[in-house]
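You will see chain A twice below: alongside chain B first, and alongside chain C after that.
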Partner chain A sequence: MWAHNAMLQPIIRHQQSRGMATLKAISIRLKSVKNIQKITQSMKMVSAAKYARAERELRQAKPYGEGSTVFYEKIKPEEKQESTPSGQKLLVAVTSDRGLCGAVHTTVARQIRNELNEAGDNVKVICIGDKSRAILQRLYGKNIVLVCNEVGRKPPTFLDAARIAEQISQYEFSSGKIVYNRFKSVVSYVTSELPLYHKDTVSTSPNITAYDSLDDSVVQSYLEFSLASMLFYTLKEGACSEQSSRMTAMDNASKNAGEMIDKLTLTFNRTRQAVITRELIEIISGASAL
Partner chain B sequence: MSFWRAVGLNYIQFSNIAAKMVRRSLKKEFQVEALKRDESSVKFTTWKEGKPEKISSKA
Partner chain C sequence: MASFIRSIVSPKLLSTMKNSKSLNKVINRNYADQMSFTFVSANQTFYTNQSVKQVDVPSLNGSFGILPNHVPILAVLKPGVITVHEDDGSLKKVLVSSGTVTVNDDSSVQILAEEAHSLDKFDLQAANEALREAEQKFNSATGETEKAEAQIAVEAGQAIVAAISSP
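Moving on to the complex of A and B:
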């Protein structure tokens, strides 16, 4: 019996020390998950406040986007690939610098990637926000011509949009697209696009006569303005969907952390009980062996 | 051709200057709110051949 016990002893000691260690490990893990939950909860609160503001501002910015969209729908410009010598396409990805907001940036980047896979080399990409740049730079870095960052820390202003528009207008393009997330409701957004046209495409489009007294300079001025206002609108839409998506993402994260905390507390208590029971057994069997 | 285009401004620049003037001539109580809309923090980096070229900050 003694020999048997001696053989068992090191194993028991080993087990016991491991049991203690897991107890400690679990409590450390529990603490860190609790901290994470605190962080995600407060991030949710912050983005909820930011979302409320973004939605209010989006409502004011909507006419800017709708005005130019209706104009393009009315005149029905025909895309002629060969008419302009450069034939360049321009894609503008409207994202922001900040992550932890679900798939908002990824869906925009994916749409751009699909476009790039189809169209090939003759496409220039302008990334608004570091996130789209980070996703696209590895495979399509050669297509990127301009990156705008410091977007998304503060709500976008019209001056932001105007400055981006100014930079964009430096590049020659025959047609283009702005890819952005359109806000639908608190829980959903759609990745959509707005068209961009070259001045010649607009002034030679069949239905342009619907508008009275248009000369070249008016069309040019309007295109400059509509580029800025569409960017402003898309930035607002993007910011609003980002905040709402971050809100849901952080809500989910807090919920998941809560689940983890429940499970960990259960295992923690079980392990503690097991350790206590084992110690009691050892003491009792030790006492009875005397 | 309008006078501002002859100088080399485009419509956005022209209207931004006009907006700035309007904001500056507002009464004090409205000016504080309006000046908040006159900020822009966006930075631009031009890219070439998959590498950032140079950092051109505020224009």
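Moving on to the complex of A and C:
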């Protein structure tokens, strides 16, 4: 029976590709492509509105991010792998839950994957947004220690960043990185990273002695707050690049759907014409045979 | 009569003029260097790399003022009022909830606040009500974290009320 089936299969396929598809099949496809185009068009409109908001908010958050990194640039901490007993490295992937936005999430995940391939087991990964988890889980599931859901539906707030920072600070790490997409323009973004430092790394860095009246609790709270503000900034950058990228992706999808609709309409009309012609021929030849 | 008036007025005028002159000199000498001041909160941006005369900030280790060429310092903000003395002499008071202050060796100052609002946006009555509510919550709080959270709310409320009621 199976052998019979296997023989039958190619014949059917052959038939389908040879003859013109039936009118019905074409019109169904045409309709579905039109619906898809409607969806992608409205998604583009939605993300354009969201992008405008995200861009406005990002402009606000930009000095915030710059302000929080100045200190680290000034003190120039030296990373020493042996300085802390754990020697753990922490990678934070800033993505979101929502797809259909080009390669935004993939580039972040790829950067982290490269990092993981080099560094091996001593790396913990924190996924902000389901998408990075979905990409990294299969190969590096054991490295993922924390996943944050419900990112990307609404614009990120400082409270979100503070919550994530609170969770992150529970993990011991000697050094780390936040990997995120930095927004450049509507059509481009760069995957970049911000360094994270352990308290000991900061307090042993060469230029720290310039700073007055440092006690442990101040440094500790300072680092905690600066982690939150850096996360806030990167979340904003990520959200903005995601929306802009979704806008371009949906624009392209609508354009491609338009092309498909044109082609399908042409085939549909041709097939219809062919059907009419065939029927005419049948009628005429039938009449002439009498 | 005229000479009498002159004898009363002129020394006073002279002395005030002298004073203001000397004050100007002092100001010129002290504020010769520029401060690059950045003050942002999550909800709005107040200053970005602007030059100001002086900034007074409330920190967990006590309030302090920052002039140009302040010694580099790190501090954590506590709820209170940041007073910015702008270059033209005007004062700007902003209420902050929490955040960090960084003074770097190149005289650049970064204040990152979690939330900040200009003081004139607050309503005394609403602030008093919020403070009462926070105090109630503090009194009825049972758990350790709950109590700490309520205490922070009370501190913030007290700071707000104190800031509004003082001119």
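Basically, the second predicted complex is superposed on the first by the 267 of 290 C-alpha atoms of A that agree within 3 Å, B and C clash if a C-alpha of one lies under 4 Å from a C-alpha of the other, contacts with A are read in each partner's own complex, and residues count from 1 in each chain.
Operating definition for what follows: a contact is a pair of C-beta atoms (placed from the backbone, for glycine too) under 8 Å apart; a residue touches a chain by one contact, two chains touch by 3 or more.
Note that this is a predicted model, so its numbers are computed, not measured.
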| item | value |
| --- | --- |
| Partner chain in contact with A:S169 - chain B first, chain C second, else both or neither | first |
| Touched partner set for A:Q137, first chain B, second chain C, both or neither | first |
| Touching partner for A:F158 - first (chain B), second (chain C), both, neither | both |
| Which superposed partner A:S221 touches (first chain B, second chain C, both, neither) | both |
| Which of chain B and chain C A:C148 touches, first, second, both or neither | first |
| Chain B versus chain C as contact partner of A:Y72, first or second or both or neither | neither |
| Chain A positions touched by chain B in one structure and by chain C in the second | 157-158, 162, 221-222, 225, 228 |
| Chain C residues touching chain A - in the complex, by the definition given at the top | 38, 40, 42-45, 48, 60-61, 71-76, 98-100, 102, 104-105, 108, 110-112, 114-115 |
| List of chain A residues in touch with chain C within their complex | 60-61, 63-64, 66-68, 70-71, 74, 157-158, 162, 210-214, 218-219, 221-222, 225-226, 228-229, 232 |
| Contacting residues of chain A [partner chain B, same complex] | 137, 141-142, 144-151, 153-154, 157-160, 162-167, 169, 217, 220-222, 224-225, 227-228 |
| Chain B residues within the chain A interface of the complex | 1-2, 5, 10-13, 15-16, 37-52, 59 |
